[in-house]
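Each of the next two complexes has chain A plus one more chain, namely chain B in the first and chain C in the second.
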Partner chain A sequence: MAGVRLSGVTKIYDGGVIAAKDVSIDVEDREFVVLVGPSGCGKTTVLRMIAGLEEITSGELYIGDQLMNDVPPKDRDIAMVFQNYALYPHMSVHDNMAFGLKLRNYPKLEIEERVTEAADILGIRDYLSRKPKALSGGQRQRVALGRAIVRKPKVFLFDEPLSNLDAKMRVQMRAEISKLHKRLDATMIYVTHDQVEAMTMGDRIVVMKDGVVQQTGNPLELYNNPRNKFVAGFIGTPAMNFFEGRVKKEERLYFEGKESDLKIEIPAELEGKLPVAEGKDVYMGLRPEHIQPQEERKGNLRSSCNLKVEISEPMGNEVFLYFQSGLNPIVARVPSAINPRPGSELKMYFDTAHAHFFDKDKEYAIA
Partner chain B sequence: MKPPSALAGKFDSERFSPNTFAYILMIPAAIVMFGVVVYPFMYNVVLSFSNMSLRHFKDWHLIGMRQYAEVFKGKIFYIVLLKTLVWTFVNIFFHVTIGVSLALILNRKIFGRAAVRTLLILPWAIPQVIVALTWRSMFNYEYGSINLFIAHFLNMSPVEWLGKPLEAFSACIITNVWLGFPFMMTIALGGLQSIPQELYEAADIDGASGWRKFWSVTVPLLKPVMIPAITLGIIWTFNNVNIIWLVSNGGEPSDQTHILVSYVYKAAFNLYRYGYAAALSMVIFAILLTFSLVFLKRTRASETAY
Partner chain C sequence: MKTTGNKFKIQNLKLRILNLFLYFLLIGFTLAVLYPILNVFSISLRPGDRLLSTSLNLIPDGASFHAYKVLFTQTPFLLWFWNSSLIAAAVTITGVALASTAGYAFSRFNFYGRKSAMVGLLVTQMFPPTMLLLPMYIMLLKLHLINSYLGVIVIYTSTALPFCVWQMKGYYDTIPFSLEEAARIDGSTRWGAFRKIVLPLAAPALVITALFSFMTAWSEYIVAAQVLQDTSLFTLPLGLKQFEASMSTQWGLYAAGSLLVSVPAVALFLILSRWLISGLTLGSVKG
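Now for the complex of A and B:
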């Protein structure tokens, strides 16, 4: 087992496109790290550079203590699970899993042992003689996992392995990969665009955008203390509400929306951190669960607003309510007991003690 | 249930079943197929049991299996059959090896790929007659460019390409190899492009060398497209009368360069032995039919890879 360290890694393609810029990530031994971001953010490029499928333009990549920049993929002691499984279609499940071991001249007996063991772990023993085309998507992905497991590599790399599966299978495989991580006790790097996968699977999450790492941290850290507006909006469903406006002070400190008719009070202790006197525009971010129909938080905050329900989405245990305030869409996550009809008006309380504030121009968090 | 179109609706009365309309639409094609395939084939079957020739052109009658006996009796049939097998095997071997090699090169990002590809497909686009006559001139003993090249650049004595049996047969093969590789190249290129890049990446990570990737990924995945192409290629080459006839000028020297079809052609249209030629062509048909069925079944070519 080994950790993986990227230090200032940059990838510039022939056409001058910068896919990854100065990426530094330190993955510890046995850690499960998820690279997450919208498509085109460079997460897959970073993974492919770790695998050796993509050359590193500048920067350094270490697996364990060894500099790997110019080491071919086969000598990096890694295994990769691809989005489209990449199973050899002409080989049986058994041969797909055994191929890498055969090429490395393992004795026949050990190959059989490892393949059977992996097949047992993944529950695909009955399919060993089948060809991939005779398997369902979920089964194929298990075979792809099996091909990685048998090698007992230092590092497992996953490139959006669940995105071709249906929703139910995805949830099931998500749990299985997490279990596998515990069982194998291996270093795993996992790429996905699905923040739910990232939140539920990762020991640590690396959020990327436009080839740049936005923030690294454990799931709750990212959720509670996003470093910028992008991370705040990307992590969590439904996404955080953002309001453009200014923080002003009269008797109390309050936030006045620019494109909405919001005027809500915010905790006085924030005064020192926010650009109150300068009259600069800021973004206020508030998660859907912090907008509630009854005042949950004590503390004399006069921060309610009458809003008209446009759509309500019942999720069973809770309801998502969509409002519009001026030009500003607002979403709230409320208990399912409250299920107002669309069109009705509701008094909503803004729990501004949980509000995040971001600089208007640079979008980094200021409070 | 009503068929969607108004025209079809007219046939959907009680007199017609829904399938009748489909059969009516098939009639014109069926008539043409009958006229150009079924009738000539059946006529050929009948002729093969007859004594039709220039001498018995109007008064021919059925003589049973005598023409078939005639075919198998002479030593010449076996010699020509052997030559045909050599001709077919050597041609297909070079068609496939040259075609696949070029496809592998063209599948990489090389400079001027589109232009090179177009140039390489050219042999295929030129009418066979022109190709054959051009090559025949190039094989000319005194003035042909091939002998000029051999004499000037390789400092060797010129080869009597068209005057000796082995050389003439080789000349035919060289011409047909040049003519045939673009087809295999085009098919192979299509096949290569359909192999997902990820499989090579997976093989890279599995630890496969370039050579190993070729044999373990490329070849097995090219097989499903190449097997039908090779089957077609074998049938076409086996039956290729044009090149042999035109390059060797009708089997010269002294009928030493024939393959079965050119031999049939000569029997039918130079010697007017229609019954004999028909019987021989039935034998060729049987050989090719058996080969195709066995080959396709053995290689399971109809199975898709993915």
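Now for the complex of A and C:
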């Protein structure tokens, strides 16, 4: 096993398109790091540069202590699981898994041992003689995983491996990959656009946008202390609510919404951090669980507002309520016992102790 | 219900009539294809080099394999057969080797002049072969390749290559690139991934390339007639032409030779046709 270190890595394609800009990530040995971001953010490009499938325009890539910039993929001792499985269609499941070992001239006995062991772990032993076309999507992705684990590489790379599976299979495979990580105790770098996958699987998450790393941290760190508005909005489902407005001061600091009639008192614990924002245009961010109806009011909920329910989405154990306040869409996550009809009005309380404030222009977090 | 039943019966009847018509049409085409072959076979069995006969018998009166015997024992047929086989094999091997690699380069690499080269290859297909005869002859003359196997091999290969390169390129385009990437990560070199993953998957295209190259060389007459002058170098089409004279053509030998010439082509097609299957890449990637 080995760590992976990217230092100031940049990728510029022919034609000047910058896919990754000055990316620095330090993946520790045996760590599970998830690269997450919207389509086109450069996460797959970064993974492909680690794999050696894309050349690095500038910067340095180390696997372990070895500089890998100019080392061909076959000599990097990595394994990669592709989004579209990329199984060799003319080979059986067994041969697909044994292919890499045969190329490395492993003894036949050891190849058999490793393939059987991996097939047992992944529950595909009965399919070893089948061709990929005779397998379901989930089974094919298991074979792709098997092909990676038989090699016992230094680093596993996953490029959106669950994107092509249905929702149920995705949840199942997600758990299996997490278990596999614990079992193999290996360094894994996982790319996804699904923040739920990122939150549930990663020891650490790297959020990317437009080829630039926005924030690196463990899942709760990103959820609770997003560095900017993008990270705050990207991490969490439903996404954080944003209100554009201005921080003003009368007796105390308060937030006044620009496109809504919101006037929200800023709690004392945040006041100390906000004087810099006084008189400035800001975004206030509140997670859906911090907007609660009267009935659920608890603790330190200081400001309230009457809002009309537009849509109610029952999820079983909770309900997502969608409101509109001026031009601001608002979503709240409330217990399932509260399931108002669309059109009804609810008094909703804003737990401003959990509010986040972001600079209007540069969108970095103020408090 | 009764109306629906009647409708169904009428539709069924229409379908039967259509099927009957199609069968007649297909039988007609089959006969049109088979008749010349059977006629040539019949001529090859007739005694006395008779081309025309009033008899409708497939096996003519006094039928014998005399023409076949003469062909093998008293003419250089086997030498021509050897010459043709040698040339066709060389053209096929060269064609497959060059088209498979050139097609791969056009499909996978983005190099300067790629598009112009592709169009250039296509343009060469727009000239009738006879128009290229004179420049090719002059070229071979300057290279001292007239009256040599290599001369015809060069011309046949260069004639067959543009089509083969295009169709190989087209087939490679359908093979997902991620398969090669997976192989390279598994431990292959780029060449290894091409050889072990791409080539086996491109089998149908390779077969077409092989058949096309073979047929270009096997049955060609005009170029061979210009380039090969020594009778010991003659290919089968040139050899068969020897049986034709202005006063008396040896039709028995001509017919027997013609039938035997077609045997390797048919055999090759039958052998290679098992690779002409679609869907080789099924299951490799999420479709």
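Basically, the second predicted complex is superposed on the first by the 353 of 367 C-alpha atoms of A that agree within 3 Å, B and C clash if a C-alpha of one lies under 4 Å from a C-alpha of the other, contacts with A are read in each partner's own complex, and residues count from 1 in each chain.
Quick note on the criterion: a residue touches a chain if its C-beta (ideal position, glycine included) is under 8 Å from a C-beta of that chain, and two chains touch if they have at least 3 such contacts.
Fair warning: this is a prediction, and the values are worked out from it, not measured in the lab.
Chain B and chain C, once both complexes are superposed via chain A, clash.
With both complexes superposed, C is the one of chain B and chain C in contact with more chain A residues.
By the document's definition of touching, of the two partners only chain C reaches A:164; chain B does not.
In the superposition on chain A, A:336 contacts neither chain B nor chain C.
Applying the stated contact rule after C-alpha superposition, one finds that A:133 touches each of chain B and chain C. Once the two complexes are overlaid on the shared chain, A:79 sits against chain B and chain C alike.
Once the two complexes are laid over each other on the shared chain, residue contacts for A:218 go to neither chain B nor chain C. Contact with both chain B and chain C is seen for A:89 once the two complexes are overlaid on the shared chain.
Overlap of the chain B and chain C interfaces on chain A comprises residues 51-53, 72-74, 78-80, 82, 84, 86-90, 99-100, 103-104, 133, 147.
Listing the residues of chain B that touch chain A in their complex gives 196, 198-199, 201-208, 212, 216-217, 220-221, 223, 304-306. In the complex of the two chains, the chain A residues touching chain C come out as 14, 51-53, 72-74, 76, 78-80, 82-90, 99-100, 103-104, 131-135, 137, 140, 147, 151, 164. Those residues of chain A whose C-beta lies close enough to touch chain B in the complex are 51-53, 72-74, 78-80, 82, 84, 86-90, 99-100, 103-104, 133, 147. Contacts from chain C toward chain A in the complex involve residues 110, 176, 178-179, 181-189, 192, 197, 200-201, 279-286.
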